[in-house]
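Alright, structures below, take your time with them.
After this come two complexes, each holding subunit A, first together with subunit B and then together with subunit C.
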Partner chain A sequence: MSTVATPSQHPAKSIESDPTLSFSEQSRAAGIGAETINDFLNRQPRSVLIRLYEKPASCLAIFRLVPMLARQLIMQMLFLDGPLPVEDVLSWMSKEGKREYEDCVERLTKLSILAIRGQGIKQTLILNGVFTEGMRRALTGGGDHRSFGVPCDTEDKNAVGVGFLDEYARTKWETILHYMVGSEGSVVPREPVLYLLRRSDLMKKTNETSGGRTSSLGITSRGFQFLLEDVNTQLWHLLLQYLDMAEERNMDLVEVLGFLFMLGSLELGRDYSTEDLPETQLHMLEDFRDYGLIYQRKASSRRFYPTRLATTLTSNASPLLTTTTTTSSSGGTEQEEERGYVILETNYRLYAYTSSPLRVAVLNLFVSLKARFPNLVIGSITRESVKSALSNGISAEQIITYLTHHAHPQMQRNDPLLPVTVSDQIRLWEREKNRVLQESGSLFTEFSSQADYQQVLTYSQQLRVLRWNDDQRRMIFVTEQGNEPVRDFIRRRVVQS
Partner chain B sequence: MPEPSKAPAKSTDVANAGFSHLATKASSGQASKNSTDFLVLIIDVNPLSWASNFSLSSQASIASRELESVLDAILIFLNAHIAMQHENGLAVYAASLGLAKLLFTTAPFASKGDLGGSSEAIKSKPDANTYQHFRHVDNAVLQGIRKMAREVSEKDQTDTASNQATLGIVSAMSQALCQLNRLTMTDQTGSEQSLSGKTPGTLAAKSSMSSRILILSATPDASTQYIPMMNCIFGAQKKGILIDVCKMFGDDTVFLQQASHLTGGSYFRLDEQLGLLQTLMSAYLPSRSIRELLNLPNQDEVDFRAACFCHRKIVDIGYVCSVCLSLFCEPRPQCLTCKSKYPQSTLERFAQENQNRIK
Partner chain C sequence: MKAYKGVLLTCDPAVKQLILSIDERLRFIIMDLDETHLLVSPDKVEWMRAELETELEKNTYTLDA
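And then the complex of A and B:
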């Protein structure tokens, strides 16, 4: 018995569908960023949401998560005292707006922010009272909800600056990524982090028995895709896992979410007091230190500094966290790098102006590196390097998107951005992989006579388990399910004769 | 000098070109679906018009209270603008008699020291009950306006003579345009060539940025301002910047109507002071990305009358120089702008026509 590769039945189909998927869709299919915080909130029962809306900071954060038109709708109704007739709203929308309006209302009702009362023409929209109160408070200020972070009253003797915090967040976060890539000399993160990585299926235990418990974690294909995402997506991916875990650990979800949203509203470079935080949030504080969301000088410190990772949590912009992935050597290189560092030539050569070991490690996933200089890495994209990336579960589209995303500003003048030859070739290499479909089955050979061969052939054809046959050499290959009946058939034939 | 009668058609083309440029840029940028919105708010705090409006109905104490309630509404509106999107930018100008001041800006290149009062606000301890971004804006705007009111009143006492009818609105508009222009410049250089980019900031990294100016107007037109105003409008058109106008009280202003009409913004005259907040929220909050989904208030008819170059009067019938297209309210033998001499016969014909009309 052996395994052979047979041409797949519909090779064309599988190839055509791939390139049409966008990067996000592909990674969504793989589960990275599949669930957003929106989905998570949608799942929450009304009681949790209403309790969440008691904090103006949460109101503001959730407000920023809904679509633009929905935000406008909320703003419009916020300072109206009575309900708003649906008719009025519709008259104020243009044709395209009406279509989007439906989605917005659905979203908002799911989040219990909006309710529809009445029937037919007399339908009116009503904003949830608690949300209205919270949102108004957020806009006008005042009150004593203390949801935007309690600042420290006393001066910090060991105050730290924004630069330090950025650097701190960067190292913390990159430690985790480095560990995932498995770069040499990477520090092993603390156990809770590892647990979360395992839980979110970014890393899994390998079978190696040697080494300690922690060193036996290996990266999964989802983990590779995770690495190619931008930091904000990565962070949310982990945080959502954290939220799931919080549910299991019976932490109060309102407090967990409230804390997350509060972090998003804090000011970078300012110290906040931990004194008023409830037990759950103190616990989260400890966890978040590991991810570099928060800086505390000592674990017992009564003050904490949010880092840029934390303060940009509730914003949608992707490049906000760029400073964390750059080197700290000098201001100039940082800014250059944050906008792109990869130059790709038509001859498949790739120059990456970076000194960050993490970026080099990520590039190393699909580029065969040739030379390294202090601020420059030279490599080329080869069939082998791309193939090894593909076998790790990285898709061609992801590679192309990554290269596009991090293209050097000088590449921006090209149209299209990446050399067509290279991007097409990468796609072709992927198709090469998809062209063959592996199937295990059994091969029957050495038939004594042509008649025997014919009989077995017809039998397997009748059972529709035949995959391939060769009349000349009298060979038959059947699928796995077909193995047993065909073998039995041959045995019966042998017994008969 | 601009020529008012022909330019609009030409500049609209330019403005549209600007729009399509922005649109393609936004659609090609795969990362950001929502473009950043930079709002410049110009508040007209001309004490004369405020006082005259409220003195008609009530005492001075009520007038100041009115101003405060208007300011409250404005602050809530500004907060709402920042709340709409994390990346939204904001700049606030106050325009008074003959001067305009920048009260607050999120533009990365502005040094904090320039801003009146905001440096104190930044130093102050944060309050756990207020979102910090909101607090910065609110403090800067309130303190700035207070400071400005003080300055204006002092100036009034020292020299009333020099205090002509020059208005701050135009000055604020041109400052705003300069700032927006600089923002878009850093935006472009940011994306095209970063080697010289020393001022990337958060805005520079964005693939697209749409900007608009909102003028809260209280003062009636001053015809002396016609030419600079038109220059501002054309500048805005060319850059694809919307100008929204909300007339808080008083009669319509012809120039600002034209400004919003020509740049594609919306113009609205409030009938009632109490509706200010709601109007701001519903008509002026929507960013440009969702404006196409909404029906915003439009003007049914726009008064396109121009002001003459010689006396700055708003004219119904004017005389246009055939060489430089300057506009005059009466026939004259020589153009004031380009010094071209007109043929005697034409002047005679004008004189005759005038006589006929009078008859």
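And then the complex of A and C:
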């Protein structure tokens, strides 16, 4: 079923979108995944980094984060006692590789891992002492740094398996996502998680329940974009916010980073002791339980299990949790779901072959759902459903991107992928919201002569504050910022003449 | 030489007519500028938008109940 819109909406103008804007670019525009952990590290002062390198686990984690060539450079120099002449390094490289080499050196210098001494052809590279020490320890073992976590030496009576941990991590993580999309019966995460969601601008307070005890949170445009990302990007997005918050909460950034990097080096399915962890890290343990990074049977438990969310943090290996469909209560089989599952028809009807409650909840943000079967939901895109999404700050372009991104393989034969009627109508609905634009400012009228009018007009044009003018009736509208300078200009000019 | 403080509304001609009809109930338009522009008093803008919304909804027909 479709809705009929008023016929007067800018029918002549063609509706264009920028097809060159890829999915990831849109995300970047929305600020999701814009900053990576690398950028974050680059921003840190040298003192923080050096203290970080005291932990072998951190050295190894950073080693895993830098590009291949940089790793090669580090490995070449790691067991070298003196500085390495740049000339020698360059002799290993082809001409094409030189640019890449320069990028790597720049990266490593920013991270204070590498330093360049000397000038011209006599330049040499020096590996930072603390980093060298830490990295050597990480590779060859030894020492009592315990930065790779301390496995429990006693057996856990309530030991849990990898399967359980995966399930646990997914449930925890999806609880957060479910809460974000506001699915029915979703559990409200603990306050620290909510705070993080608010702070990272993924959700914001809605006014609806201002009378109630707790004002509920609603998803923002950013939050919607966030939902479209893969889990690893989502996780890092939240963790970077967490890092930003660390200082406000008087947490030692080095310990926070060190703990993150340690988690990345732990073994899935093993239990680790909490005994040697400093105060800050115990605190983090508590926070990370909420995200499903860590499993503890009880809050007071002296051991913890890292989940796959944690152990894949710093590796670019397969991102965690395979998104399997949850088993339906009727005993259906758990199966890998294909990425594309949405069929959209020209009559605004939408069929989504999915049984994941999360996906259904996401669709529910902008689709009016009609029927639900074990592996299929049917709904239609209506003016109301799109308008409610728009009022939540989700843009038409985001809806269209989502539909394109998850289009069923059968839709791939269509060109364009989505029915033009539908995608255009979604954009029209968005435009309908903006039929009236407003801007505060001042209107100047009744100029005594055409010359006066012209002068003020040119002046406001130069200041770029002109919004509207009428030559015939000699009227000028300028923005709020323009009000004062233009008024002063008129006064000055009137005094002169 | 005169100056008015206010809010400049930019809209399509159809909507402008609707706004004019709302203005008949409660005056808020300071000056009718042209086909697509109006100068209105700032404190009534929110109210006007709400009124306009209901007015526009009247002209929309949806097939699902």
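Quick note on the criterion: the second predicted complex is superposed on the first by the 307 of 497 C-alpha atoms of A that agree within 3 Å, B and C clash if a C-alpha of one lies under 4 Å from a C-alpha of the other, contacts with A are read in each partner's own complex, and residues count from 1 in each chain.
Please note the rule applied: a residue touches a chain if its C-beta (ideal position, glycine included) is under 8 Å from a C-beta of that chain, and two chains touch if they have at least 3 such contacts.
Since the model is a prediction, treat every value here as computed from it, not as a measurement.
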{"item": "Contacts of A:I116 with subunit B and subunit C, given as first, second, both or neither", "value": "neither"}
{"item": "Partner chain(s) touched by A:I126 [first = subunit B, second = subunit C, both, neither]", "value": "neither"}
{"item": "Partner chain(s) touched by A:W468 [first = subunit B, second = subunit C, both, neither]", "value": "second"}
{"item": "Touched partner set for A:V160, first subunit B, second subunit C, both or neither", "value": "neither"}
{"item": "Contacts of A:L80 with subunit B and subunit C, given as first, second, both or neither", "value": "first"}
{"item": "Superposed model, subunit A: greater residue contact from subunit B or subunit C", "value": "B"}
{"item": "Subunit B versus subunit C as contact partner of A:A57, first or second or both or neither", "value": "first"}
{"item": "Which superposed partner A:R71 touches (first subunit B, second subunit C, both, neither)", "value": "first"}
{"item": "Which of subunit B and subunit C A:F477 touches, first, second, both or neither", "value": "second"}
{"item": "Touch list for subunit C against partner subunit A, complex", "value": "1-12, 14-15, 19, 30-31, 33-34, 37, 39, 42, 45, 49, 52, 56, 59-64"}
{"item": "Residues on subunit A engaged by subunit B in the complex (per definition of touch)", "value": "22, 56-57, 60, 63-64, 68-69, 71-72, 75-76, 78-80, 91-94, 96-97, 100, 137-151, 265-267, 270, 312, 314-320, 322, 332, 335-336, 338-340, 405, 409-410, 412-413"}
{"item": "Touching residues (chain side subunit A, partner subunit C) in the complex", "value": "1-6, 8-10, 368, 380, 382-384, 432, 435-448, 452, 467-468, 470, 475, 477, 483, 487, 490, 494"}
{"item": "List of subunit B residues in touch with subunit A within their complex", "value": "30-32, 34, 76, 79-80, 83-87, 125-132, 134-135, 138, 190-195, 197-198, 200, 202, 205-206, 277-278, 281-282, 285-287, 289-290, 292-295"}
